[in-house]
Structures are given as structure tokens and as C-alpha cells.
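Accompanying notes for the structure given below.
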Amino acid sequence: MERKSSFAANIFLILIFFILYAPIFYLIFYSFNSGGTMSGFEGFTLDWYKELLHDTRLLIIVLNTLVIALLSALISTVIGVLGAIGIQAYKRRQTKNTLLALNNILVVSPDVIIGASFLILFTMAGIQLGFYSVLLSHIAFSIPIVVLLVLPKLMEMSPTLIDAARDLGASQWNVLTKVILPYIAPGIFAGFFMALTYSLDDFAVTFFVTGNGFSTLSVEIYSLARRGISLNINALSTILFVVTIVLVVVYYYLTQRSGSGAKGVDFRR
Amino acid sequence: MENKVSKNLYMIPYALWIILFVIAPILLVLYYSFFDIEGNFSLVNYKNFFTPVYLQMTLSSFWYAFLITAISLLVAYPTAYLLTRTKHKHLWLLLIIVPSWINLLLKAYAFIGIFGAYGVANNFLEWIGIGSRQLLFTDFSFVFVSVYIFIPFMILPIFNALDNLNPSLLYAAKDLGASGWTTFRRVVFPLTIDGVKSGIQVVFIPALSLFMLTRLIAGNRVITLGTAIEQHFLVTQDWGMGSTIAVFLILIMFLFMGLTGFRKRGA
Amino acid sequence: MTNTAIIQFNNVTKQYDHDAPVLDHVSFEIERGKFYTLLGPSGCGKTTILRLIAGFTEATSGDIYFNGKKINHIPANKRQVNTVFQDYALFPHLNVFENVAFGLRIKKMKKSQVAAKVKEALSFVNLSGYEDREIKEMSGGQRQRVAIARAIVNEPEVILLDEPLSALDLKLRYQMQYELRELQRRLGITFIFVTHDQEEALAMSDEIFVINKGRIQQSGTPIDIYDEPINRFVADFIGESNIAKATMIDDFLVAFGGEQFSCVDQGMNPNEPVEVVIRPEDLEITSFENGMLQVEVNSQLFRGVHYEITGLDKEGNEWLVQSTKKAAVGDKIGLRFDPEAIHVMRFNETEEDFDRRLDSYSEGEADGK
């Protein structure tokens, strides 16, 4: 009985993993197809990769995407960490809960709503759609994620640590830089990392708030995919897959070291 | 004293963010919903929303979201349960999560190839003797791809809930004479209901508002609330009607959150 | 100047919103170089006193003086006291050396000097060679010592210890009691120790403040407090006690348990209702006929060194006896005790009145001799 059920269980799990990974490896496999379609493998080629590397337009888009991701992650981490410290410092439960509810609105809002409402906001404010509107949007939707990842670290910190630092002569600034920030550092890294992946992965919000001259990778893939199959995209996805795996390994290492296990990965849309 | 001043200093950028990017956008959407396409103040958008065309669209959007959520749950719960019983369960969990880190667009794009007329799915159907058929641009492919995309987000909170379950509770239930199924129904499921709820939260609302998949995979055969909003904002430029639909989507979201209670994902 | 109080509380009250005050008009003085213990049940206000001295909280009213200067509004980081916290509050992101060096680094002391001082402090607490350890690699007792080293390295005039031994197991706790007492003697600085463990307080302190419900009930040396508890709370909280309702017939004569006994207390009104305390170790078991007080045994526990026997007298008072002799439940036995073993307590007597009464009859004794 036991044995049979565990056999069925293994089959089930293998099937799930197969379904989850098949499309990705399907993409990677056909990126080496000289035939030019995603059906019928004709022969091995690296042409699509070569073509990709010579596509300066696409390379600029990749660069844009990275700049937006890094900048938005950096800025949202700073604002988010300060916000989390601020929220934690409020003693009244009611105030804390209200702030947290406001914080979480953008986490639970569908991308379309965020995109559409930001489009109205930027239009009303007279901000031209392009690099800055995309950057601002990415900062905006990353801040609450950072707060949610930093806040548990702050809550887990014993208040006597701050008392102890004060007791040993630390000023308010010393307390922040020598005790609080080092203590919550794992949360800050996780927040930064998550903001980075949110930004890299975002399609819907960027799609709404970007103008004619500016595009990110997701938006570009969308417009390419709407036109049909082009193995350039397969080559690109292979590269992105490798990069993602590297990032996952780095992230896994960071969170394992801070002892929070794989729990940090759970905020993705 | 000193404390209060510095606390308020910390809060300035964050408070600005709340005002500009959380409160203002919602108010602006509400404001825009009261203007018709010519820019005149009117309630015509709300009147339109309650016409059969929009109501039917809302209903079908709900139906698809429900289907996607239900199927995800049916697949995710056993998967999460089996994962908690494996050795190195956190590593396996990470492997479940990894596909969700691949750009959504790329996964959708992969299915264009797989479900295409000469794609591997049709080859398979051919091979088992059913024969090839139109797969892409059907509601089947839309639901399948959506479930594919949402599955990791459903598994994660359920996994965490199951993982946090004190194993001695299971022994206690057995000790008190409960069978495997009774233990599950009376002990395991009630204790992991919070994980299920947060899983439903992270799937249902986004499933209502998908628009990219409806275009790429469903070929506009499925129109969700999200598709309608995108259509009005970016294609027909009728921001008023788009905002009205957005207002309803926001209301549904708040209602849904109120019913299930906001939880951190995975908590 | 060395004889003046280092810390002085003047009518200090601490109250949150409209709740009952945590501290209610508390006044006391702490002298330089002694080991003080604030003793009381949880929630009695003892930790609040510590937090007021450290500067983590401010008094609602009243004045706090340190070396004769009012310090009510001086922030914690500017005060010359250091605290050893109940959970040790060691910084988990710093190793042992950096934890101890924290205060010195804040003062921007020279590197070589920091190294020398940390080394000295660690050797003081027997942790030489542990400099590079991470906090999570240290055991509970070792963390305790790091916390102490981190406090003493700053050479404060007063060290505050907030139930520092409560997280340790029994054996380690006994050992640390000796070490702390020894450390205080060697350093010669004032220790203010907070605990709810009366044994700890009796073993370590020069002076004990017994605190309950935001007020100091009694202060004095361990022996004073054990032998002459001022009221039922103190008698009950410190050590095991037999407390019975009694009547003070006259000077040196008290009635309880249906009998009259001679005692050494005086200065009360004739026939004043009082309470008497007799410690279990002062009661001796004898035959029923020879007993000054006759009781019927209703329970007996074997405690290793002795039996713990309880019995009821004819008025229904329960008497706890520690004895190496055995008895059986239902036995009728007699109890004997010296007049000195009886301690009489008046109802609602303040500490000042109590001291005055004690003084008056120790003078009387002197006159008598």
C-alpha cells in the first residue's frame, strides 16, 4: 500500500516538474534550430545568437531594462527601508495597520490597474511617457515589496538591542547605522533583490506607461511575439534563463545564509 | 523627542510615495470614471457598465478566473503536500519556484510554439491517434497557460502552511483513531486553510485582469476585465470607460481581500 | 563626598496614561560601592526603576539625582551607567570582541586602547581567548559573561542588572551568583540587581529593596529582611513562612492558635490585632503532650534533606515544619519554639514607624543592661 502510493506520488511530482520545465527547455532547444520555426528541428546552428548580438536595437533595450531595474531597485530599497523603520517606530497598532494596509494596496492590485492609474497620473502631472515614467512606476510598485521584506526583520529585532546601544553611549544615528541597519541587512538584500526581479519581469505596468521611444525587454518580446515566431526570442530566452539561474543561486545562497530559507521568494506575482 | 523628529524624517519619502502613488492614482481612476469619451462629466460609463455586453464580459471574466483558480488549487494542493514529504523539500520547492522567475512573456511565447498548428502538442495528438486540431487561440489554451503560470504561486503558500503544521498533531489524530482521510479532512485541511486562502488571493485577482495572455494565447477569444481596461486605455482611448471598469475591478479586489483577509503571500 | 548617595529617587512616580501607577511616589538612596537588589514579583515596578536609572524611560513626576545632579531629562547615551539585560541584548551581527568594544568605539577610543581594554574586561569574566567567537556560538552562561564584560569595559559608576540569571539553569545560576558577587567586590562599583528570586537576593546583596505594587515595602540587609519582615507580603515573599492571625495581649505576650506565648516584641496597644510569623526551621517537633502548640498532621513530603510536614492547630491555622523526624498523616504532634522565633507584625505599619519601634526597644534593651 505505502509503496504503491509513493510510486503514484512520484509519478505525479515528476509530471508536474515536467510540465513546469518543458516549455522552457522547448524554447531553449529550438533556439539552436537552423530551420527557423519552433517545429521540426532541422539542424544545429548558433545563427540566432549571432543575430541577437548584432541587433543593436535589442541590446539597447536590454541595457534600458537593466538600468531601470538597478535604479528602481536601489531607490525603492532606500525609501522602503526608511518607511519600514518609520512604520515600526509607530507605537499605536491602529496607525501601523493603516499604514500597512496602504502599503499593501499596490502589492495586491492587478498590474492593469497600476498601469492604467499611473498612466492617468503621469498624463495629469505632465510627465512625458518614457524613461522617467517607467522608472517612477517601477520604484512605486517595488517600495511595498521592500517594506514587506524588511518589516519582519525589524519586528524580530529585540527592542533591548536598541536600549543596549543607547546604554553604551550610541547616539540616534549610531543606533541606526551600527545596530539597526546591520541587523536588518538580510531583509534589505532580499528586498533589493526582489525589487530587481519585479522590475525585470514587469510587463503590464511598463506597457501602459512607456512612450514611443522607450521600451523594455518584456514589452519588446510582447511586440515580437504578436508578430509571430522568431527564433531570436528563443536565443534571448536561453540567455535570460541562464542569467535567472545564476541569480536564483545567488539569492538562494544569500537567504540560506541569513537563515530565512526559501521563504523570501514568495512575493512574486 | 529626538526620536519623534527622526521618525518623521524617515517617513517623508515613504509618505510621499503613499500619497502620490497609492492614494492619488485610485482617486484619479475614480475621477476619470465620471467623464465620457468627449470629456464631459456624466454617469454614462456606469450606465454602460450595466448593459448586457459589459455584464456578460464581467461574468465570463469571473468564470475564467474561477476555473483557473480552481484548477490551480486542485493541482497545487497535492503537489505541495507531496513536496513536504520529500527529502530536501526546500530545494524541490525552489525548483518549483524557478520557472516563475522566467519572464512571463517568454513562457507565453513558448506556448505559441507548443500549441501551434505544427507544434509539439499537435504532434503528440497525432501520435496517439486523436489527430491534430486547433489548440492555440482557444479557451482551453488560455486556461491551460494561465494555470501553468499561476501554479507556483498557489503551491508556495500551501507548502508553507503544510510545512508549519506540527507533525505531532497528525500523530495525535491517528492516536485518537482517525483514518488518513479523516485526519486530512478534520485536521490538516482546516489548519492549512490560511495557506489556501492566500493562494486563492494571489491567483484569482490577477486571473481577472490578465490581458497579455488573452491576446497572445487566446487570440482575443477571451475578454477579461483586464483586457477591457487595456483596450479602452490604449486602443480606443476611452479612458472614462476604462476607469469605470477599473473602479469595479478595484471594488472586487477590496471585497475579495475583505472576505479572505490580507495575508502576506506564503505566510 | 564619597559617602553621599550616588543615586537618589525623590517621590518618583511613573504612570502610563490613566492606568494605575507603575511606581507610586518612590524615594530611596543608593550608596556608592554596594550591591543592591530590587526584589519583587513580576510587574511590581522593579524593572521600571532600572529603566528610569538607565534613562530608557522618563519619570511622570519626581526627581532622580545621579551624583547630586538631577538627571531626569538626560538621554540614556549620556549617562554613566551600563546595563546587563535579561536577554543579554548582545548584537548578533558582531562577534564577542566587537560587542564588548561597542561602547569604546562610540567614544572613538584609540584602536590599541580598545584592544587592551576589551582584553582586560574579557579576562575579568574568564572569557580570554573568546574574542573572535560569534555570539551564536556561545552558550547561555558565556553570553551572560559577554554582556557583563560589555558593561564593565566602559567603567561605569553603576551597573544595572535586569534579571540577568533568569535564563540560566540552576547549577549555572548558583555559580554566576558567586561570580557576580566576587566581581562586584573586585571592581568596587555599585551594582543594582533586579530579581524576583528571593534566594538570589538574600545570597548576593548588601541591601535589598522589597517592592510590591509600585512601592518599596521594606529595605534593609538580607538578615534584617528575613528576620524582621514588616508585613505579610514581605514575610510571605521572602523564605517560607507560617503566618497566623494573633492578638498582642500586652508587651512581650501574644496569643494565637488558642494559646498565649511570651515573645520579644513590644510597643503596641494592648489587645491589638496583629499577625505573627514563625519560620518553619524555627519549629521543632515534639510529643503531643510536650508541645507548646498542638497540631494534627495533614500532609508530609520527603524533600531529601528533611521532611516537610504541615499540620492544623485548633483554630485552623496551617503550620509548616521542616524536620528530619518523620510523622504520619493523622498523627497528633506538638510543636516547640523559642520566644525569639515569634515575629509580630502590625497591620499597615510604614517602614519609618517600624524602624522607630525597633529602635525604641533596642534602646530599652540597652537601658536594661
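Annotations for the structure displayed:
Chains here go by letter, A, B and C, matching the order in which they are written, and residues are numbered from 1 within each.
In this section, a contact is a pair of C-beta atoms (placed from the backbone, for glycine too) under 8 Å apart; a residue touches a chain by one contact, two chains touch by 3 or more.
These figures come from a predicted structure and were not determined experimentally.
Ranked by separation of Cα centres from subunit A, the top chain is C.
Ranked by how close its mean Cα position lies to the mean of all protein Cα atoms, the top chain is A. In whole angstrom, the spacing between the mean C-alpha positions of subunit A and subunit C is 57. As a whole-number value, the distance joining the C-alpha centres of subunit A and subunit B reads 17 Å. Averaging C-alpha coordinates per chain places the centre of subunit B 61 Å away from that of subunit C. Annotation for subunit C: residues touching 2 or more other chains are 75. The multi-chain contact residues of subunit A, meaning those touching 2 or more other chains, do not exist; every residue touches at most one other chain. Along subunit B, residues 2 each make contact with two or more other chains.
Residues of subunit A touching subunit C in their complex: 158, 160-161, 163-171, 174, 178-179, 182-183, 185. Touching subunit B in their complex are the following residues of subunit A: 9, 12-13, 16-17, 19-24, 26-27, 30, 37-40, 78-80, 82-83, 85-86, 89-90, 99, 101-106, 108-121, 124, 136, 140, 143, 147-148, 172, 197, 200-201, 203-204, 207-208, 217-218, 221-222, 225-226, 228-229, 233, 236-237, 240-241, 244-245, 247-248, 252, 261-263, 265-269. Residues 2-3, 6-8, 10-11, 13-14, 17-18, 20-26, 28-29, 32, 75, 78-79, 82-83, 85-86, 90, 92-114, 116, 118-120, 123, 148, 151-153, 156-157, 160, 201-202, 205-206, 208-209, 211-212, 215-216, 225-226, 229-230, 233-234, 239, 242-243, 246, 249-250, 253, 257, 262, 264-266 of subunit B touch subunit A in their complex.
Subunit C makes touch with subunit A in their complex at residues 54-56, 75-78, 81-83, 85-87, 89-94, 102-103, 106-107, 150, 154.
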